[in-house]
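Just passing along the structure, written as structure tokens.
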Amino acid sequence: MRIVVENVRKQFIDTNKREITALKDINFTIAAQEFVVLVGPSGCGKSTLLNIVGGLLSPSSGEVSFEGLQGNKEPKLAIVFQEIALFPWRTVYENVIFGLEEQGASKEEQQEKGRHYIEMVGLTGFESAYPKQLSGGMRQRAGIARALAVEPDLLLMDEPFSALDAQTRTIMQEELLAIWNRTRLSTLYVTHNIEEAVYLADRVIVMSRRPGEIKNIIRIDLPKIGRNQEEYRLVFERYVDEIWQLIRHDAQEALKEGD
Amino acid sequence: MRIVVENVRKQFIDTNKREITALKDINFTIAAQEFVVLVGPSGCGKSTLLNIVGGLLSPSSGEVSFEGLQGNKEPKLAIVFQEIALFPWRTVYENVIFGLEEQGASKEEQQEKGRHYIEMVGLTGFESAYPKQLSGGMRQRAGIARALAVEPDLLLMDEPFSALDAQTRTIMQEELLAIWNRTRLSTLYVTHNIEEAVYLADRVIVMSRRPGEIKNIIRIDLPKIGRNQEEYRLVFERYVDEIWQLIRHDAQEALKEGD
Amino acid sequence: GKSAEKQGNSAEPANPSEPANTKPAESKSVSLALLKFTSNAPLFIAYEKGFFKDEHLDVELKWFDSANAVNVAVASSSVDIAAAGLTADFYNMIAQGQKMFLVADKGREEKGYAYSALVLPNDSPYKSVEELKGKKAAITTIGSTNHYSIARILENHGMSSKDVQWTPMNSVSGVVDAIKGKRVDFGFISEPNVTKAVDEGFGKTLTWISDEIKFQSSALVFSSKFISDRDASVRFLKAYLKGLRYYYDAALTKKDGKLAQGPNFDEVLKIITKYTGQPEDVIKKSFPFIDRNGKPDIDDLKEQIAWYAKEKLIVKTLEVDDFVDTTLLDEALKAAGN
Amino acid sequence: MEQGSTNVNIVSRTVQPQRQTIRNRVAFLEKRTPVYASVLGVLGILTLWEGLARIQVIPPLFLPSPSAILAAGWQMVTTGEVTDNILTSLMRIGTGYAIGAVAGIVIGLLLGFFRWVDSVLTPVIYSIYPIPKIALLPLFILWLGIGELPKFTIIALGVFFPVVINTYAGVKQVDPILLKAAVTFGSKYFSVIRKVILPAALPTIFAGLKLAAGNSLLLLVSAEMIAAEKGVGSMILHYGNLMMTTNLMVGVLILSMLGLLFNRSLEWLERKLLPWK
Amino acid sequence: MEQGSTNVNIVSRTVQPQRQTIRNRVAFLEKRTPVYASVLGVLGILTLWEGLARIQVIPPLFLPSPSAILAAGWQMVTTGEVTDNILTSLMRIGTGYAIGAVAGIVIGLLLGFFRWVDSVLTPVIYSIYPIPKIALLPLFILWLGIGELPKFTIIALGVFFPVVINTYAGVKQVDPILLKAAVTFGSKYFSVIRKVILPAALPTIFAGLKLAAGNSLLLLVSAEMIAAEKGVGSMILHYGNLMMTTNLMVGVLILSMLGLLFNRSLEWLERKLLPWK
């Protein structure tokens, strides 16, 4: 199985009625069990692309398709947003089983999988808490459990940790990697943080802005686990630098623009 | 001149009417032209301490004082918050000169200093923009210009860049350092980000939580400019690691707590 | 007297084609809209003394606060019968196609029977109607009986309706308060409020309306729905007439040109007191005039219509034949005799 | 620079006035007033009022004293007049409120869900909204007669508009990210409505219901202008007509208390229904 | 894993049904209705109404046709009746609104700034707020006579409450971080009020002013129940009393349009005064 993004292009009409090209000539694939990270400066179209892949936005041209899905069934998707997109009126448990409910899973399956994934993200004991009673980090864990619970064909994550403080973020990155290692889901992950990209990715897609194009696709040739160890530090830093050099100018430009 | 923090202790009454000790036995000094960074896990009392130093909160016991201020005048303070604390109804220029206005500076002085510091943070051309018309990074630059414009005896910054995206943050850190080099203000800076602390600080004060105490004060023996260069990378990483090891356990604990 | 009346009723030969008259009429429920005014005395009496019951009418009294609402209620057939004020809204609703029928007199200004008056604040210097020119007049609303009476009086004194400053207070109590508080120069007040104003000393009468003009001010009005039941309509009028005569004989008979207490006077007084909530000695001072046979003053109705049309207070002029039906009354009178 | 600071330091140690303690400059933001202050205000005004009434500066007709109002109120309670009127009014408010609220929520949801309904009906609703109901009293009688129907209608209209507008706004304000999340997890149209839009709009709907509670009391007086023999509103009108101001004030007092009660009940219900807020 | 994906790839290339394109599943969120839809609704209702009136299903007294209303309106405009009444009412609304708004803002600010005033007066204000002004009409006449004063007062009261409550809320909701910033930069008490609290509260105050605009029109009819010869409200009452429903509807129409106008003017003013919003 793989996900193919072909010739995707997206134009928006901005508030001044001008047409702006957010994405242009986007072509890449995500293989089974591959972790692909999108990085790029603010406004380069990362979220737009992720939304198109997730079926939440139509491309102006081009298409996104799943190839070789077993039994020709509908591809299952799951998404984790930066903003806490948990349902505030549902408890942690009810949030986690939301996708299962919608797929018509039996009560037993819901309970079993719910319990399993809540445990996996370390939220056991918080099943009946409402989102507002949780810290930011715990909310995002619940969001991840909700996504994992549907056992998706493709997991989409849009800057899941960018609202967290630096230390919590570091811890969550480690945890995500551990979880991913157990589930090995095909993943498309968006981030601003280059270290995070290098730490998590099998391949990093670096994007440029105005229009958003793929600047480069960099395969990270490091073992998936333990990239933060002393021995890989230099290679790690080299990847980070390489990507930062690709982005730096665009990022400075982005900073100069109003909201 | 130096700022002396002596035996500061702070207790709060929480919503369940229990007394919680946010700060305990806090003792340190900030020398003239020194850049001191406070790091620690969420909820360890960093903001509480910064507010006490800034005269925005009374300590339960202990005191904060300025020693050796010239002419026995009132110490001048300036503060930069994480949240965009610009006045939304004032343009960039009006925001920047706010402190000067309040100190009764003449119109000419206001104009001159306003222009100077707006240029210093790279906002020339945006003088008459309202904050909502600016990007996050530019807003924070305006916040910094507003603080610099009063030429304070002590500059306070509470996670000024934590709401910015990773790339913008990197750029802003570099710029802050450049600006600080020109002004050399005594600074107390709060952050969650250990790399940021090591990158900016003369001394890093590491705090623990429950109750918030000083765990260690680490002097960063690296040249103030160019710490991100290849040659210092190993020493830099060692500082980061040292601090992370001091904080890690507390940070994991903090993550488990509800909001 | 009761049983005699009943016999007379059942033996009534006037309308043999009506089957309801031959077999004992089944009880019909009828709703009656009215205000707590003394001029509704015949209705109070008929109700209290069971005259309606005798006619197999199950009358339900619907109390209202405003004359306008009474008229609207009967116009829209929300009630069957109304003790209506003949005001501009009454004519307007008819002019705009609403069907309802004026069937009998229920109160008018008749010389020698003091009921409504122009009242001045007690310290007012004015002595004549002529002096009221340009002054402030408290009335309930434009197009009300208040407004009409004052304007007609002014006209009789060589002025027009433009010669005073109309001050609509939107309620009877508002008019009384305006005079009491000396906020206006004069106002239109009916009994028992005239007596009260004089007794409490805040007001004095300049002239009684009945001394100045004739005015058919209120009437019994049937809704188009109710009048289609001709039998019940006639029966209602019979009971009404009985109440009316009971009232007339007790309160409105004159001896030597002066009002004298007739038979059953105390009983009538008690009934009125009960239904209006006013004290007896206030009620006692004045009783509004109603024709003993309930005959409405058709000529005055024509005059009213002409006047309202002239003042542009009704959308178009109308013919009395469109809304006055005295045939029912005639039938009832025939049965009741004199 | 270390030198510079050390110099100053020495000076300060010897001369001492050079030491300046930092004081909390926003302490004024945290100042509290004692709890009794709020009672004080109400009590003070009542006392002043009573006093003025007692020494007859203001004639009792103009402003009856609080004690006279209470006495009249107590007397009206013992004769059963008050209970009777309150029950009648509560029935009217209850029915009118229920009709208005249900209609408001249903139509608000339709406006929110179906774009065509929205485009067609929203302008109509917004142009009818600002019409004062009291101006239409004669028409209400024409249309609906003089029974309970026009009274229910007037109250229901006063309730309908804030509820429909808030429901609509609530549906429209649902965070699109929640909708996107639900759709991604496989929710279909009606599931999105039931599981996301409805619960997300509930707090705003409640705000509308609370506004409407106030309106329903305001309109009670207007409603009971139509041929009402009983009810707090008609009681107020009755005593107003008779210029019995003390009894009038009793009615006003009852209305205020009903308003308070109504509001509290809705708040209680909100806490029960929205534990996640 | 690279292998696995290549395998599948080959299969899909040859068999082809294995390829599934992702479609936008939230497209329904973006569906638009044509611009004419909103005009359609209003026009549709007007046409239906006119039609019903023309075929006389509903008697014209009950529901005058739109064309009749327009004709009557035009006629009333040409006789000068409308202009006269509008001017009188505008004067009343203007004066009442100005008094109520100024008093509301001033007292709201006092409540917000001074904790003692807050503790003492806020409960008083909140308990007077829900009293229907119409219930107090007889008292207003007693207290203030039948001239312009009671009319101004009723409108002013209707304006005062939303403004005072919003002003108070606006002051209380000022982000403390802005206060802290100002104090740090050396602002003293009055400077904080003038330069931070006031501008920060302005948007909320404006919301109150807009609410109040609606209220002032609602209360115009009540106010003009008191001995008013002129004014849109008294015109409505007048035609209601005469049961000239067509002319009554003209009055109602004028009120709606005044409401619209008032709202638009305030929005325009808001944009001018708060360019930073």
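Chains: A, B, C, D and E, in written order; residue numbering restarts at 1 for each.
The rule we apply is simple: a contact is a pair of C-beta atoms (placed from the backbone, for glycine too) under 8 Å apart; a residue touches a chain by one contact, two chains touch by 3 or more.
Because the structure is predicted, anything quoted here is derived from the model rather than measured.
Counting steps between touching chains, the shortest path from chain A to chain E takes 1.
Counting steps between touching chains, the shortest path from chain A to chain C takes 2. This structure's chain pair with the greatest number of C-beta contacts is D-E. Chain A and chain D have Cα centroids lying 45 Å from one another.
The distance from the centre of chain A to the centre of chain B, with each centre set as the mean of the Cα atoms, comes to 32 Å. Mean C-alpha positions place chain B and chain C at a centre distance of 87 Å.
With each centre defined as the average position of its C-alpha atoms, the distance from chain D to chain E rounds to 16 Å.
Contacts with at least two other chains are made by residues 54-56, 132 of chain A. Shown for chain E are the residues in touch with two or more other chains, namely 25-26, 61-62, 138, 142, 180, 183-184, 237, 240-241, 243, 245.
Shown for chain C are the residues in touch with two or more other chains, namely 68, 72, 75-76, 173, 177. Interchain contacts (touch definition given at top) occur between A-B, A-D, A-E, B-D, B-E, C-D, C-E, D-E. Interface residues of chain D facing chain C in the complex, by the touch rule stated above, are 138, 141-143, 145-147, 225-227, 229, 234, 237-238, 240-243. In the complex of the two chains, the chain C residues touching chain E come out as 68, 71-72, 75-76, 87-89, 92-93, 96-98, 138, 141-144, 165-170, 173-174, 177-178, 181, 183-184, 313-315. Per the touch definition, chain B reaches chain D in the complex via residues 1-2, 31-33, 52-58, 63-70, 72, 74-75, 184.
For chain A in complex with chain B, the residues that touch the partner chain are 41-42, 129, 132-138, 162, 165-168, 170-171, 191-196, 233, 237, 244, 247-248, 251-252, 254-259.
Against chain A, in their complex, chain E makes its touches with residues 1-2, 4-5, 7-9, 11-12, 17-27.
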